[in-house]
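One chain, subunit A, links the two complexes that follow: it is found with subunit B in the first and with subunit C in the second.
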Partner chain A sequence: MDREKRNHFIRLFVAIAAVYGIVLVLEMTLRPTNMLFTVLKKGAIYSLVAVSVNLLNGFTGLFSLGQAGFMLVGAYTYAILTMPVAVKASDRVYRYYDCIVGFDTGVFVGLIAAGLAAALFAFLIGLPVLRLKSDYLAIATLGFAEIIRAVFQWDVLGPLTNGANLLREFKDLSRITFPFTDIPVPQTFFVFTVCGICILLIVLLINSSYGRAFKAIRDDEVAAEAMGINLFVHKELSFVISSFFAGVSGALLAMFQYTVQAQQFRSMLTYEILLIVVIGGIGSISGSCIASFLYIALSEWWLRGLDMGTFLGIHAENIFRSGFRRLVFSVIIMVIVLFFSRGLMGDKELSWARTSAWLRRTFRKREAV
Partner chain B sequence: MSRILELDSVTMQFGGVVAVNDLSMHVDEGEIVALIGPNGAGKTTAFNCITGVYEPTNGAILYKGNAIIQNHPSGKMKRLYAGLEPDKFSSSKVLNPTPDKITKLGIARTFQNIRLFRSMTVFDNVLTAMHMRMNAGIFSDVFRISHAEEARMREETEVLLRRQSLWELRDELATSLPYGKQRRLEIARALATKPQLLLLDEPAAGMNPQETQELASFIHEIKDEYSLTVLMIEHHMDLVMRISDRIYVLDFGSLIAEGTPKEVQSDQRVIDAYLGVAENV
Partner chain C sequence: MVDFFHQNLSYFLSGISVGGQYALIAIGYTMVYGILRLINFAHGDVFMCAGLIMVYLSASLPFAISIPLVIAITAVLGFVIERVAYRPLRSAPRMSVMISAIGVSYLLQNAALYFTGGLAKVYPEIGFLSRSVDIWGATTRMVTIVTPFVTVALVLILTFLIRHTKIGMAMRAVSRDFETSQLMGIKINRVISITFVIGSLLAAVASLLYFTNYASVTPTSGSMPGLKAFVAAVFGGIGSIPGAVIGAFIIGICENIIKGGASIFGIPGSGWTTFSDAFTFAFLIIVLIVKPTGLFGEKSVDKV
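Right, the complex of A and B next:
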């Protein structure tokens, strides 16, 4: 039993190390403009949000629709904090306002602060809402996300948020260097590292005693309460932690896009993430990650040709034009939802044993045909 | 012997339905007390009041002499409590703790319609019930700083499961167990909270005669082993008569009889109340 467990951990460690190694090698060999890197970076960021949503929806049974709002808080916090003072003082970014933040911080502090800011908002919203039955949470968080988007564009807050204008020239992915040097950090590797650490923390949480309490609440609130689990405290914990990571991923998204604007964080973003979680399987961390990369790869890369006139070598300018990609994309998603009604992974996790069993099954089917 | 639980004129109303009507009863430390009555008599509702699931419309519930639940909108007190300071029990004070607080006081329960954690294994069901007694905060738990505590919880879980002959089934999904085993598991899970008072809601429901037999001796055993007091709702009369020290009989929310098994058995009102459900007697 213990030996099996150790082997499992070794295999897991090797697999993860291999992924990071491959990313690093790719980054050193391929041209940085390669579409692959866009997919990898955005896919990793979406994985983190999807896993944070999964912590709430899949493991605690709380249906929240506020993730875009918390990402927005994280993105703004990060951008405002890490923008160099010189930029803040000039009118390159804050053209119509005088920025009131007279300091700047490093990337690490910025990321943590982004998470903490989102967590603080979540804590305050959670106080009234989490005492109610969980249906209200969806409505309240959706409303909050919309309000927060409006507030961040509010003229009065201009000296802080730059109103409805863009924030840029903060420490985005192209501006980060190794500490005390001028050597740029490999971008994809950086995103993978931050997201990897965050997801690891969530996995550790899910497998801890508190994680079991979350699952108990999801399974049966009445029984959980009868076992001495304080519903409110544990729901609030899960909500705040999930929002912390949503905040961090918002900051990463800002770094990836080089600019921040409230418009980027509409409820559409929340639905996108929710769709990824459902496709991956509610209650499966690896499912959320796989679905994120697939989703981003499909929508940003593989189906591009459908909008550009050429797809898989077929030229058909009058069919493959703007908008057709969305149509095909929707059909693919419907097919996935129809054939994998519990998501790609159900509530299981990806493992060596399961993958090899699956390969064997498919292989045998082929032979029979 | 000291009072561990006392209900003082507890009334629970749902709209027009008076599910529990002016119920006063008590349980002494070390007793096995049964609460019986026909279907819909209000037995489960009484449990739900004690455990904080429902807020009683009126009345008070005392645990070890202290009011833990209290709702006296009328301000009228039925009785005065010996040894209680007046301000601790003034009519204006409303106590309405959530069920987890009640459990932390030492009252654990099982459910009539089994409520196990569906997605969890047998082992994790019991382990989860130990969470309440965990001292570690979320950070030391997540970073495994408190792994000694986790190890202790796992050990205790193993002991409990072995004790209940559920150890071989530890990796099974809780809901895949046969009915009788699920009820056992619910008791094990309740015991994991280290209660002093155990409330069992129809522990023998769905069990075959042999399992019911075993359950009777089992309840006696755990009572001695964990120095428990047991209050149970049960329809199997032979079980009730065999193991309980005293019995309370509810009908249409009201108490119609109380006493030792012998006294209750010969009570005319009890016989009348059970006429319609003779198959249960």
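Right, the complex of A and C next:
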């Protein structure tokens, strides 16, 4: 048993190291404008949000639809904190307001602060909201996300948030360097590192005694309470932690996009992430990650032709026009929701044993044919 | 006091009118929730689709044909959505049905985005409704005055339907106890289909009134009214039709008073308009915490 466990960890470590190695090598060799990097970066960011949603929806059984709001808080916090003082003082970004934040911080502090700010919002929102049950909770969190969006666009807060205008020229992915040097950090590698660490923390949390308490709450609230689990404390904990990582991913999304605007963080974003979690399987971390990369690869890259007029060699400008990709996509999602409601992975995790068993089964079938 | 009313009459008028439109949407939510315990996230988008269908139909057909046609098509849309997306999941956990509803909402919005090309479509001027009138010094459109009457009339008809007809009795039975009513020989699927058809019918009427006022339809223009109508339904006590109507009127009026906040309360800043949406949700949360069953809702007890 012990040996098996050690082997398992060695395999896991090798696999993760291999992924990072490949990312680094790709980044050194391919041109940085390659579509692959967009997919990898955005996919990693979406994986992080999807996993944070999964922590709430899949492992604690709290159906929350507020993720876009917490991402917005994270994105704004990061952008405001890391924007250089010189930019804040000039009217390049804050054209109509005088920025009241008189300092700037580094990337690392910015990311942590983004998470903490989102967590603080979540803590305050959670106090009233987490007493509600399933669908009421969903609609209340959705409502709070909308309120957050409204507050950040409010012109009275303009000196802080720049009103409804764009924020840019903060430390985005193209401006990060290794500490104390001017050497730029490979972008995709950076995103992978941050997301990897965050997801690892969530996995550790889920496997801890807190994680077991979360699952107990998911399976039966009354029974969990009878076993001495403080429902409210654990729900609040799960909500705050999930929002922390949503905030970090919001900051990463801001870095990736180079700009932030409250307008982007509509409830559509929450729906998209929720649907990714469903595609991957509610309650499966690896499922969420795989689904995020698949979703981004499909929507940003492989199905691009559906919007551009030519797909799989078929040329039909009248049908394949702007928006068709998303239409096809939503039909695919409906099919998954209706007929494969367990998603890609169900509530299982990707593992060596399961993959090899799956491969063996497929190959045996081939041979039989 | 009279002066105050007089000065801000236009806000109150549009509040009452928007409230009536929300009420018609809210009935769809509250009936579906009463029977299936499902927040039909797609309902707001059905409302938006009714608006778009009207835009396309009225381009080639006279109003006498296109208006009934829009209402009929929307009813069919509601029926089809229930049939395809919710019925297969009848025995699945509630969360899957809700996810399916979100999926339908996503699908309808994307479909609308594709067909409109992402542009706001101009809503046709329906002669009589779009005419402007003067009431006590406030200029407004005819639709503002017509809406409350249409709403009340439809609600009365619906209440009659539910109280005094066989299908109405079946609906009440199903919403009281799903399984027992099935054992009593009520065809549940038929009742649910009819509920969705009625909800969509009312949403179509609401879209006629609402978009005449706002003059343009975009793929996302259904989501906000939808959410607000849902809040109204919760406020009134979910499952209760009079509750939903009263809740909708209150929300519509409050929202417009906040929009006019600058002149009513003398608070500076255009930012108050931003908060007319936020208000609804703050209101929802207060209602849920103070009185989770709403105005006329029945208390439900969780059994272990």
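Just so we're on the same page, the second predicted complex is superposed on the first by the 355 of 369 C-alpha atoms of A that agree within 3 Å, B and C clash if a C-alpha of one lies under 4 Å from a C-alpha of the other, contacts with A are read in each partner's own complex, and residues count from 1 in each chain.
Heads up, the rule we're going with is that a contact is a pair of C-beta atoms (placed from the backbone, for glycine too) under 8 Å apart; a residue touches a chain by one contact, two chains touch by 3 or more.
Please read all numbers here as calculations on a predicted model, not as lab measurements.
Steric overlap between subunit B and subunit C is absent once the structures are superposed on subunit A; the two fit side by side. Contact with subunit B, but none with subunit C, is seen for A:Ser208 once the two complexes are overlaid on the shared chain. By the touch criterion stated above, A:Val222 is placed in contact with subunit B and with subunit C alike. Angle at the C-alpha centre of subunit A formed with the centres of subunit B and subunit C, after superposition on chain A: 80°, rounded to the nearest 10. By the touch criterion stated above, A:Asp347 is placed in contact with subunit B alone, subunit C being left untouched. When subunit B and subunit C are set side by side, the one touching more residues of subunit A is C.
When both complexes are overlaid on chain A, the residue A:Asn165 reaches neither subunit B nor subunit C. By the touch criterion stated above, A:Ser267 is placed in contact with subunit C alone, subunit B being left untouched. Nearest C-alpha atoms belonging to subunit B and subunit C sit 8 Å apart in the superposition, given in whole angstrom. Annotation: subunit A residues 222 touch subunit B in one complex and subunit C in the other.
Only residues 37-39, 84-85, 88-89, 92, 94-96, 98-100, 102-107, 109-111, 113-114, 117-118, 220, 223, 227, 230-231, 234, 269-271, 274-275, 277-278, 280-282, 284-285, 288-289, 292, 302, 304 of subunit C touch subunit A when the two sit together in their complex. Interface of subunit A with subunit C (complex): residues 57, 63, 128-129, 131-132, 134-136, 138-140, 142-144, 146-147, 150-151, 153-156, 222, 266-268, 271-272, 274-275, 278, 282, 321-324, 326-327, 329-331, 333-334, 337-338, 341. Those residues of subunit B lying in contact with subunit A across their complex are 51, 53, 98-100, 103-104, 108-109, 111, 115-120, 124, 127-134, 136, 138, 141-144, 150, 153, 189-190, 192-193. In the complex of the two chains, the subunit A residues touching subunit B come out as 201, 204-205, 208-210, 212-213, 215-216, 218-220, 222-232, 237, 283, 347.
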